[in-house]
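Letters A, B, C and D mark the chains as written, and numbering starts fresh at 1 in each.
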Amino acid sequence: MGWARLPAAEPALDAVATGATAAPAATMPAGRAGPATDVVGLGRWRALGFVTPGLVLIGVFLVFPALWTLYIGVTDYRLTGTAARAPQIVGLENYRRALTDPTFYRSMWLTLVFVLGSAVLGQNLLGFFFAYALRPARPAVRRLVEALVLLAWILPSSVVAFLWIAMLDRDGGTVNVLLGQVPGVAWLIEYPMVAIVVFNIWRGTAFSMMLYSAALSGVPPSQLETARLAGASTGQTLRDVILPNIRRYALTNTLLITLWTFNDFTPFLLTAGGPNHRSEVVAAYIYNTAIVGGEMGYSGAISLLVLLVNLLLALVYLRVARVRPA
Amino acid sequence: MADVELRALTKEFPGGVRALDTLDLTVADGEFFALLGPSGCGKTTLLRTIAGLEAPTSGQVRIGDRDVTGLVPGARDVAMVFQDYALFPHMTVLDNIAYPLKIKRQSRPERSGRARGVGANLGLAALMDRRPAALSGGQQQRVALARAVACHPSVFLFDEPLSNLDARLRLEARTFLKRLQRELAVTTIFVTHDQAEALALADRIAVMEAGRIRQVGTPREVFGRPANTFVANFIGSTPMNLLPGVVSGGGVAVAGGTLTPSTITPPTAPGERVIVGVRPEYVSLSTTPVDGALTGEVSIIEHLGAVSLVTVEADGALIGATVPEDREPVPGSRVWLSPAPGRVLIYRESDGELVT
Amino acid sequence: MQQRIERYGRAAATIAVLVTVAATTAGCLGKKTSSDTTKNADAKEFTLSIGVNSIAGGKNASQAEWLSNWVIPKFVEAQKAKGRTAHVTLQPSGASDEDYKSKIALDLKTGSGADIYALDGIWVGEFADAGYIKPIEDLVGKDKADDWEGWAQIPPAVQTNMAYNGKRYGVPLGTDGRVIYFNRKLFAQAGLPADWQPRSWSDVLSAAYRIKAGVPGVIPMQLNAGTAMGEATTMQGILPLLVGAGHQIWADGKWQGNTQALRDALGMYQEIYRNGLGDPVIQQDAKGRDKSFQAFAEGRIAMLLEGDYFWRAVIEPTKGIAKMPDRDQTVGYALIPAKTPGAGIRGQDFVSMSGGSGHVLNPASKYPQQAWELLQFLNSKDATIASVAGSPRLTQRQDVNDEVLKNNPMLLFVSQKVLPLTAYRPGFAVYPRVSQALQQATLDVATGTPAVDAAATYQRTVEPIVGGVGKVASG
Amino acid sequence: MRSTARAVALRVLAYVGLGVGTALFALPLLWLLSTPFDAAPRYAVRPPSEFTLGNFGEIGRNPYAVSSLVNSVVLALGTMVVVVVAAALAAYALSRVRLPGRDALLYALLLLSSVITGTAAMVPIFLLIFQLNLIDTRAGVILVLSGGLLPAAIFLLKDFIDTIPRSYEESARVFGASPLQILRHIVAPVARPGLATIAVWTMVQVWGSFLTPFILLRDPTKQPAAVVVRTLYTEGGSPNLALISSFSLLYSVPVVLMYLFAWGRYGFRFHGGIKS
């Protein structure tokens, strides 16, 4: 997404981080109905009219089911069995259960490893590397590499999952064939987390690459020139000129890919959370409790916990974004 | 064609910032009028309020015989040129110029004929099919002007029309703009922070500060007799000398000397603290002692082309004077400064208003 | 800051209101439908649909084809002869069992969906408890429900597969039995007989050791383990061992907990997977069962415990999903032995497990009588014969089995030798969760946990599921 | 001199990194390109042992394969229209008019939409659609998918519109254009790259979505390709690589084409209006 105009992602973060809003206060009259309430003369009521279709759709088809899910989270509701006929309110029992269940903590831990390894480090660094290294490249080379990276991003998840199943297959997978061992290592079983981390880096680097290449094009050439004239090494230039300039992009990028990766279901298609829950990230855990286990109440509670963790992550990022480097 | 009249116009933003403070102003029909002031003085807000892009908190805007205060911008019969020109990037030059006519529901051939005509007048004939992105800054400015001209408004509103051009182009555009306004004779209000631009273009200038108008007048009046120290400070390419002084006897004690009544109009109350204002252009410099002149040492010399600005330190005060380029004194040497007769202005120190 | 706090306060208030609304609306999570047995009984024209997890060109294609090409047209024709116009449609799907189950649970919950659904026998209990399905007699009246010639042809043990609390909820589609398949060529290389029949678990193990020693590169034994294989682990793994150790998973009001029988069964896993007699990796593969099939067909696995499905649909020489052209010569099958002779349930020397799916009526059907008629038709002798055309299986009907199994020694073997020994899983709603706990225990053992520890963990997992210590046998 | 040598070394390193990285990205994709045309498809990437188009013939024999692709297009286009129109209106208003609680709302919705997946909210969504009498209709699927995608779409689009100079609209306004005219003549065309991005993004999301259409649609002739492709993968037995690879390719081609179209047409590196 947003492989257009990625710098656009920045002002939003900025707006919240500083509590300011993109619309300068100067365009707003003090609650007085006049000819000019805003730049286009939309007026508050018409603006509400514009917002309404979207908000109604979101309200009915997202917020309402979501709140319902949260409600289910305080019941013992199951998809089948007696509890499906007459669900009972069990209060915080589901939360107590989740918070005392080592499998829940394990899935949270695995998710953090997954997010940290594949998104925060993997996609971020590789995306930046591609964006940086491709700048001086010939347009043809640049387009080819970008197209490949993007392709990994836009193909449907079931297809890419199968591509990687084929890559990593124990008996005839490309990796084992290249390593000259058939049957070779059962990658998805022996190294399930490594497999899904590598997979997700492959899958999602495109977004970071796009965002960083947009960000890098915004670094003033004069600053780069200055650094070059001062005899700065590549590392120094990166640290002193480029990073300060793209810092906020990096934060926005990290926030978005963190949230997406946290809730990404695609690893399930590779390992189904296995073997023995060893790659059961939260999205897979919810699927396994809700669909395979039929425990709707419990999975509703888990969803709220996940929401809270996500909220926490988002707030941390916003806080970091607000603190300017000295 | 119409005059523009503002009555007790006040604009208060949420949070209590007063961008316009009970402002009264009349711009005559066909006048080229400049709103001049430092950034944040409310000049752009004033322009936008005239355009209808901002609603005044109280007061009235009249254009011609109409009270337009409650009208939407489109109904005010004004055309505005924005600082960034606001050329629609997805339209050709022709479509841009014709856009106001499209809104006025003119037929396609009619509006493109008219747009072409206006474009040709403004020297854009060869560019009509280009997109704005393919134009130079000067060309973009002309397109924006053409678009405003094409809709034949009774008032033009220009928001910093020249500030996005480089220095050389700006002079050209300035001349062009002035000629255009003369030809069309449409009431024009333009906002600028550049006093030279205002002096060069405008029939009359309103100098603004903090939501108020500090002086309205012709360029000559504003330059020659700034109504207060704010205007005095703001106008002129070299800053006016503003020296603290005390009225004593028949003269004013200033910078270690006394300016005698023969060279200045005497102030009203003896013993009053005043500020003496005199433009460097009106200070003559002598390397030999002159009677009744202020004396000091040359500290800095700045070359301004045909003239040089000499800064002299006289009894702790810095006084500027311009001299022809071939008459520069030696830095560090002692010189004598005498203001030209009738060019010394006395301001009250308490409120900075002109006394005489 | 103050402003922001206010803003969040307002958002919180809005959310609170919405939660209340959701909670009120959600009160109807559990919904009841009343059924009228004579509803639309006389309709001259009616519409019915059948929902199955089979689809042409995909999963279980032959079943989907049988329904749409034989059952539906013939039924419509038969109704026409009676002067009634029937519109029957098939709602096929080709998803994983879990996804299919969720989908039909939602359909049944809202009182919508197809009139007849295909359902795995082990789901009957939980669907019945949820009120999603009802006994046939409640839907069409006791007379109509009992008055079907087919019941006489379906052995009572098979009927229980689609029954719950003593009531028939649906008609089974057939049944199966489990045996140990072995590769005679590999056995010959290890010096084992072509007509091998183990008498005890140690016979099985010693055969495995001989394969391991004599035929390098071959996995001696495939005993399903782990959660990735799901119910296949339970049915083709732990449960056959458990009944071989003398206990059903549920008996006399109690579930098997950390008992000697369970420890014995897990001990067998331990022996196999600790000593390289089986491949623990394949058990954990999301596609492990399919891979084990492939490996057996390619002669890389010597012994494999499976149902007759394996024989007729997997290694079937022409249409199987892992074809073995020389199946009839190469593959032998043996009864599953008890731990020691006579140690099995009911004092048996040999044991097996059986299961199967069937069809149930949707209680919300607008035409319950006609749906029941269609269900009978679907299970009629002619329809059943048509369903096995070209690929014989153990059908629910004895009269059909007698006819179609005549020339099939393997299925005859199952029908005659295995079915008398077999056991069925308990049809309780909690069974699937107990089954998952069992799968987890086998996985623990296969990946190195000692059997006794895995059994203890299992006990702890199962207690809350089945309703407390009192419902679990241990010791 | 040393710094030059180091720079050269770094450059070489960068090229090697790029080369290896690109190869890693290409490898899995090559499978999708070659295997469908291989008469004896395998897991390993290799050029077709014997070129064939026969694998596609097999898809033709699947009664749902072709219709599922059509269904995917219908669902994708339907959702795209709903999302783009609703998101554009909302994002525009949110960008230009200060509504109370705007930013907190946007962030809350974004979080909600990324966390509450179809899995956990499956029951409420099904019951809701059932109550609305939209089970087994494409409209139901489109609405549910739209609801889930809108927050992110609004979020991204608002960012985009925020960068469009307000003077465009003010200028048009002074000329007398009505808000709707401004939207039609100025904002929509200027925001087109952003709209195209959201459109393609929406379609890609819908294209891969499995659970929602699977649960909400009964008639297999209405099911999209995402469901059919899952059928192929979950079918018992060893995977039919011929079928899987060729259908995967057919299933992928439309999204790639959509993407290329949008890229080529709207130049996805657009940087707003004229730089001022």
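Just so it is clear, a residue touches a chain if its C-beta (ideal position, glycine included) is under 8 Å from a C-beta of that chain, and two chains touch if they have at least 3 such contacts.
The structure displayed is predicted, hence computed values, not measured ones.
Undergrad: Please find the two chains that have the most C-beta pairs touching each other.
TA: Highest contact count belongs to chains A-D.
Undergrad: Farthest chain from subunit A, going by the mean of C-alpha atoms per chain?
TA: B
Undergrad: What whole-Å value do you get for the distance between subunit B and subunit D if each is reduced to the mean of its CA atoms?
TA: About 54 Å, centre to centre.
Undergrad: Centroid of subunit A to centroid of subunit D, CA atoms only: how many Å?
TA: 15
Undergrad: Just give me the whole-number Å value for how far the CA centre of subunit C lies from that of subunit D.
TA: Roughly 38 Å separates the two chain centres.
Undergrad: Any chance you could list the residues of subunit B touching two or more other chains?
TA: Within subunit B, residues 52-53, 72-73 contact more than one other chain.
Undergrad: Using the touch definition from the top, which residues of subunit C touch two or more other chains?
TA: Residue numbers touching two or more other chains: 4, 22, 26, 29, 99, 102, 106, 109, 291.
Undergrad: Which residues does subunit D have that touch at least 2 chains other than itself?
TA: If we look for residues of subunit D contacting two or more partner chains, we find 104, 122-124, 170, 173, 230.
Undergrad: Where on subunit C does subunit A make contact in their complex?
TA: So the residues of subunit C in touch with subunit A come to 1, 4, 15, 18-19, 21-23, 25-26, 29-30, 32, 98-99, 101-102, 105-106, 109, 123, 125-127, 129-132, 226-228, 281-286, 291, 429-430, 432-433, 436, 440, 443-444, 447.
Undergrad: Given the complex with subunit C, which residues does subunit D contribute to the contact?
TA: Residues in contact with subunit C: 61-65, 100-101, 104-105, 108, 122-124, 126-127, 130, 135, 211, 214-215, 218-220, 223, 227-228, 230-232, 234-239.
Undergrad: Which bits of subunit B are touching subunit D when the two form their complex?
TA: Contacts found on subunit B: 48, 51-53, 72-76, 78-80, 82-90, 99-100, 102-104, 132-133, 140, 151, 157, 164.
Undergrad: Using the touch definition from the top, list the residues of subunit A that touch subunit C in their complex.
TA: 19, 63-64, 67-68, 70-72, 75, 77-87, 170-171, 186, 188-190, 270-272, 274-276, 291-294
Undergrad: Would you pull the subunit C residues touching subunit D in the complex into a rising list?
TA: Within the complex, subunit C contacts subunit D at residues 4, 7-8, 10-11, 22, 26, 29, 51, 55-59, 91-96, 99, 102-103, 106-107, 109-110, 112-114, 287, 290-291, 293-294, 313-314, 320-322.
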